[in-house]
Amino acid sequence: MLESLKARVWKMNLMLPKNNLVTMTSGNVSGRDPETGYVVIKPSGVLYEEMTPEDMVVVDLQGNVIEGRLKPSVDTATHLYVYRHRSDVMGIVHTHSPYATSFAALGRPIPVYLTAIADEFGGPIPVGPYAQIGGEQIGKVIVEYIGDSPAILMKNHGVFTVGKSPEAAVKAAVMVEDVAKTVHLALLLGQPDEIPEEEVKRAHERYMTKYGQG
Amino acid sequence: MLESLKARVWKMNLMLPKNNLVTMTSGNVSGRDPETGYVVIKPSGVLYEEMTPEDMVVVDLQGNVIEGRLKPSVDTATHLYVYRHRSDVMGIVHTHSPYATSFAALGRPIPVYLTAIADEFGGPIPVGPYAQIGGEQIGKVIVEYIGDSPAILMKNHGVFTVGKSPEAAVKAAVMVEDVAKTVHLALLLGQPDEIPEEEVKRAHERYMTKYGQG
Amino acid sequence: MLESLKARVWKMNLMLPKNNLVTMTSGNVSGRDPETGYVVIKPSGVLYEEMTPEDMVVVDLQGNVIEGRLKPSVDTATHLYVYRHRSDVMGIVHTHSPYATSFAALGRPIPVYLTAIADEFGGPIPVGPYAQIGGEQIGKVIVEYIGDSPAILMKNHGVFTVGKSPEAAVKAAVMVEDVAKTVHLALLLGQPDEIPEEEVKRAHERYMTKYGQG
Amino acid sequence: MLESLKARVWKMNLMLPKNNLVTMTSGNVSGRDPETGYVVIKPSGVLYEEMTPEDMVVVDLQGNVIEGRLKPSVDTATHLYVYRHRSDVMGIVHTHSPYATSFAALGRPIPVYLTAIADEFGGPIPVGPYAQIGGEQIGKVIVEYIGDSPAILMKNHGVFTVGKSPEAAVKAAVMVEDVAKTVHLALLLGQPDEIPEEEVKRAHERYMTKYGQG
């Protein structure tokens, strides 16, 4: 079942090592099927290069495995909490990408120092407090702290991104590491000026309406 | 039309991810045809690995699409402003490459701390003030601030490079990130001495006349 | 003899350059055969890309070469000392991976600033004093200082990891570099909070029992 | 002529981009033929991926082109000066590898903070004063300042390494960047202890006599 979504979620999981966002088996991508409401997610602890589309696990929003030979990601409860509380979210990504996670380690948000942050994120990238892996704690923090941003940093932990598709959530995960790296490098040399809030809004709106082929 | 230039501009666009200067769909390369005066540029928001030479868009200097199924880059107005005001420029590149953009974030030029900067750039790499994406603001800043340099940093934004061909502009984009990285690393450990201006001139002239097979 | 273990140890040695943990011929992986007690180890100074499974050297716990055309790694005495004193260890890895070795250079342990450190290492990554390469000094330091951790940093030198298999030791070597990089980047920006010891224990236990397909 | 040496020098030139030591056309490797005394060197300004063994240029020690369709590297006079004054040197490498060049930018040597530096270099990696590219100035500085080290940093410029073969010089170029990176990262966090001179000597001698298959 859901062969097309499984193939997309599998392909998006492979984007994580391809973009140097994960090591070994860390990180995961899920996607929600709009018709059944089921969620397709990476299996737990499986190496990216050995994974096939058929290895993806289908669960319902309560975490029951609907289909799949393998155990789903240990972060499944986190993904499902977010899907249950954010009907607009159809894809979720989790990584420990190093530059973004260095801000997360410190519990420090990323201000709008770059046009790329204004364009992609529409404001500062927020940070949530420490929360335990495996249950619903992280999901609750994400829903409470992420606001309109597609990305959130989790203190002492890593990054979660959301989107209207698995592809959009992966793009946000790639971009958060990219801007985190550039901001990190800038902060080592000095203190950048923030782009003013009005200009951030204008830039974000232009980007959301004029960029791309849509 | 302009099949040969399209193939060159497409190949030069692919040099950006190959040299780790861009992520996802960010960044773009254009080239000007000396006979028609038309400009060939990357389409907006298209993934590098899925792009073909036929996807390149042909525009005139006023921004009218002459040929192409896709929308041109949102930075097209910037490229065209530079082409209209710099008849010597036949290729332009835009990136957010991370080390160069860390200097750009701070509005900080890169002094001539390395022989490679003297050779390739002939002086410090200049920086222009904040300007809005999409219209002519960035083009105006480039023309006003770039001087004789093939590269300019844009505050809170990224890098633009120009050249007598798309290939030359890409070489400048690769080199600006390379020297920005080395200078960044040096500044973390101490304060390098600048190469004196007279020696910079001598080195640059030697490089421009003796280097390569030309 | 031990063809299967040789193939595994060879494959795990290739994981070191694949994960950017080594340069040229530096680094090595060994594995112990549970039946014969023999150890299979990388030959000394051979390039990874030219190495075959047949090049792996079989030695006994006293360092006598049982089979192999090539000389074993100069770190063989270190590996054997650890195998003799830790019956639970069936795989050992040595690298000079740069971020982890930057902490090693300073003789500085890596505290539990990240959930990934709690999960994989169950506590701070310890550091041992300077010891000479080639004899038993390093082995003695490892056994004395590593405790329950799968990884130890050696002052002015590099990293050793141990595991219940060569695969587990390689995973620890990849993870120690990954968390060392993130912690290094965080320390350049500020001072992270340590995860409290009780929470580290809880997280580690959960990870060891719930993560993966086991 | 010298087909075998040309193939080796070509292959060693390709090791530079493979190990991320160069960008675009920067950097070069040469090798000396023990019988004729001729030197085989990379042509000037040619892209690594388009270069063939036949493109290598054969010159005599005075810089006369003995064979080759292309102009030799602009650094040829430097290489030849070193070959004329160091009969033991049979291979030379030049790069601007970023971490090593960050020390070079500052005119700062790399002390023996790591066993890998003791093993490979037998002492601190020295630095020479600023010298002009293209003539004999750099060669003179190398011969005067390099001592027994296989590597030297050139102020405001980059790295030169020498060896008893092109392969040995390339290994030194890879290792100097590797240890420069680790030392750079360590210095950002604190001040490493130097390994005492006597221990450096002992370690270096052991490495030169016991390491590898020789």
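For clarity, chains are labelled A, B, C and D in written order, and residue numbers in each chain start from 1.
Here is the rule we use: a contact is a pair of C-beta atoms (placed from the backbone, for glycine too) under 8 Å apart; a residue touches a chain by one contact, two chains touch by 3 or more.
Composition by chain, UniProt nomenclature: A, B, C, D = L-ribulose-5-phosphate 4-epimerase.
These numbers were taken from a predicted model, which means no experiment stands behind them.
Graph distance from subunit A to subunit C, where chains that touch are one step apart, equals 1.
Chain centre most remote from that of subunit C: B (centre = mean of CA atoms).
Of all residue numbers used at the contact between subunit B and subunit D, under half are used by both chains, marking a mostly different-residue interface.
With centres taken as mean Cα positions, subunit D sits 44 Å from subunit A. Centre-to-centre, using mean CA coordinates, subunit A is 31 Å away from subunit B. Along subunit D, residues 188 each make contact with two or more other chains. Chain contacts here close into one cycle, and each chain has exactly two touching partners. Pairs of chains meeting the touch criterion are A-B, A-C, B-D, C-D. Those residues of subunit B that touch subunit D in the complex are listed here as 19, 113-116, 119, 171, 174-175, 178, 181-183, 185-186, 188-193, 195, 199, 202-203, 206-207, 210-214. Across the complex, subunit D meets subunit B through its residues 23-26, 43-46, 70-71, 74, 96, 98-99, 101-103, 105-108, 130, 132-134, 155-158, 184, 187-188.
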